[in-house]
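Letters A, B, C and D name the chains as they come in the text, with residue numbers starting at 1 for each one.
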Amino acid sequence: MSVIDSLVAGFKAFRVTNFEQRPALYEALVNNGQQPEVLMIACSDSRVDPALLLNSQPGELFVVRNVANLVPPYAPDDNYHGTSAALEFAVRDLKVAHIVVLGHSRCGGMDVLRKASWGEKPDREFIAPWVSIAERACDCIGHEAITGPEGSRLVEQAGLKVSLENLMTFPWVRERVEAGNLTLHGWWFNLEKGELWGIGDSGEEPFIQLV
Amino acid sequence: MSVIDSLVAGFKAFRVTNFEQRPALYEALVNNGQQPEVLMIACSDSRVDPALLLNSQPGELFVVRNVANLVPPYAPDDNYHGTSAALEFAVRDLKVAHIVVLGHSRCGGMDVLRKASWGEKPDREFIAPWVSIAERACDCIGHEAITGPEGSRLVEQAGLKVSLENLMTFPWVRERVEAGNLTLHGWWFNLEKGELWGIGDSGEEPFIQLV
Amino acid sequence: MSVIDSLVAGFKAFRVTNFEQRPALYEALVNNGQQPEVLMIACSDSRVDPALLLNSQPGELFVVRNVANLVPPYAPDDNYHGTSAALEFAVRDLKVAHIVVLGHSRCGGMDVLRKASWGEKPDREFIAPWVSIAERACDCIGHEAITGPEGSRLVEQAGLKVSLENLMTFPWVRERVEAGNLTLHGWWFNLEKGELWGIGDSGEEPFIQLV
Amino acid sequence: MSVIDSLVAGFKAFRVTNFEQRPALYEALVNNGQQPEVLMIACSDSRVDPALLLNSQPGELFVVRNVANLVPPYAPDDNYHGTSAALEFAVRDLKVAHIVVLGHSRCGGMDVLRKASWGEKPDREFIAPWVSIAERACDCIGHEAITGPEGSRLVEQAGLKVSLENLMTFPWVRERVEAGNLTLHGWWFNLEKGELWGIGDSGEEPFIQLV
């Protein structure tokens, strides 16, 4: 059976479960529209699916997934800003109450950024410019630390902080955060150990283990 | 219990299942790295999670999610191209064998595009430019059809075709497709009926029901 | 990790899901008591768990599991009648609307009965007397058929009919069935093919494929 | 949709998942036969499904379910002993390494036993004789305690100990336990709190919280 046939079979299971056996959830999601309380900005990595990681149900999470779960800074112009468009829709139209940026260990995108910090650039067109969003994360980590055994984690977690800072450059995000109507969270999933770490509430504190 | 506490509880369930009860999958995903065969480009809509819709497991799908599951055209420059960066990583680094663009009914993003076709523009900074990627999809549909009862579906499905066409503007996508090493798929999920439709193999044919 | 530790880990996942993340179901099941509509009489075989096979949720199925999903005939006395006690509780106290007897292929218990039909008795104390409940099922199948390639299926399906007949020997079952308040079903799960077959409504017809 | 149609739909989901999308598990379970390491003796209560409670997969648990998860004492004769037959098959044929007796709070069967201790007998034919298996559990608890707020728990947990004691009356159970090839466990699930408690290893100690 090909992988595509397998996914189509997976959809059949979803269909009979959600449209025959237990139709109430999708009936409500169609009739009332989606009303997620959370915008999740996660990595495209196949090992970091938010619905699977957080055991969530359809309708609970509005999800952006890009390489290295990055948020670019506010820059309204005529270019195509996919992440900013999703952010705008979630915040201004759906009025989510929480934004979670969900990073993780073993992040290939963040590794490109880390290696770029000592001049090792990949032969790629889009990845290096994209992950450079978090460039200043690397600048704060000394060369010794970034090349050390904890280097990847340091870059991944510093990158999370950059995304959270960039979120605050969007005026309609900042306004809601300051009014107490929107809360920002930075989470980091340790793939090897199955741990979840979060940025302390002040944003200045180190990461603390949530699970 | 707050929604955030609920998600943290969900992570606990994921953790005990995948790191205590059945650790083999994540051990392999850490030791061997991710090896997904499929890049899934799906919408951020909370009702359209690919892992839930396709009953997939961690490691099976490399996922991009943005508003209206759009792929912009190839444009290598120094701007931040999130979707193109993920596409590049999936195709050139992970060497996926399939790309599935997964659209759906009741798509809020595509509705912005549809309304823009008759001049009704939202008071938003990023959404309208972003969905204009699929603008030419609307141009092919007559005004009467686009405002009719099937208008949303026509725009959503035409938008899928634009994304598939745009995929072929990336030279390293086209090359692999033409060599037979990469297959592109366009799927459309009917939220009301729980159906899955796909673009016929030739790309010229109308959508056919898969499930 | 031992199998017992693994099951304890599984309970942790159940706990966080059902008592932290989504407590509503068990709160209702505690406050309102159980109100299952279905009594399921299934085999103890580890491959035939009704909740997994039928994708059911806690509270939906009142379940008896014994070797070969057998129902003994009505025999009220002071002996220990486990299956009859569960049947009585389900029908008279919980007032279920349906009883499903769920058999399956590759049934080890039914195979003991089949072999006993030509005199091959196991060196066991309880199994042979127990499965003899369905002895008359074998008597109706000729020796040639019972030893043939379809022999196991024939015995398994004939055993199902015996259980359904025995159900009707319980006066408070028969009464409810005749009043139209209780319906009996005989299902047979084909383990090799993933098929579900059911006895035709008249009870006289052959098994028909449900899925 | 009737409850029966809903269960048939649930089987469809099971079928596509386990026979189309991921056929490896059932292929192995058919080709190699079942090889469960654990016999689980659980209650028929719809809120206490072992597979759901312990997040187990097909093939992992050989399951007996009867009212109040009782094990009668060893009594080889020609009567129908369903629980003993399943016990014999699990221990002597499948050679399980563990037997878990899984009780729970809010047990209707144990409540019948508790009320019978002060003479309140139900108008039922099979339940009272069946639960009398654990009669001596009540005898050890004083009248004041058994009618008090902790009375149900005390009877449920004492009933578990009776079942464990009765298991040891089966010669081929005792032999394997004494040889170190079989371990007996008594677990009690608190429905209100989502807790799992277990009998201490010595069997003499009080229940300790496992989860």
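Everything below uses one rule, namely that a residue touches a chain if its C-beta (ideal position, glycine included) is under 8 Å from a C-beta of that chain, and two chains touch if they have at least 3 such contacts.
Remember, predicted model here, so these are calculated numbers, not experimental data.
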item: Residue-number overlap at the chain A/chain B interface, same or different (half cut); value: same
item: Matching chain pair for B-C (criterion: over half of the contact pairs shared, by residue number), options A-D, A-B or C-D; value: A-D
item: Rounded Å distance, chain A centre to chain B centre (Cα mean); value: 16
item: Whole-Å separation of chain centres (CA-atom averages), chain B against chain D; value: 47
item: Residues within chain D bordering two or more other chains; value: 9-10, 12-13, 17, 20-21, 55
item: Complex contacts: residues of chain C adjacent to chain D; value: 3-4, 7-15, 18-20, 26, 29-30, 33-34, 36-38, 44-67, 70, 72, 76-90, 92-93, 97-98, 100, 106, 108-109, 124-127, 129-131, 133, 183, 185, 191-196, 210-211
item: Contact footprint of chain C on chain A as seen in their complex; value: 17, 21, 55
item: Touch list for chain D against partner chain A, complex; value: 1, 5-6, 9-10, 12-13, 16-17, 20-23
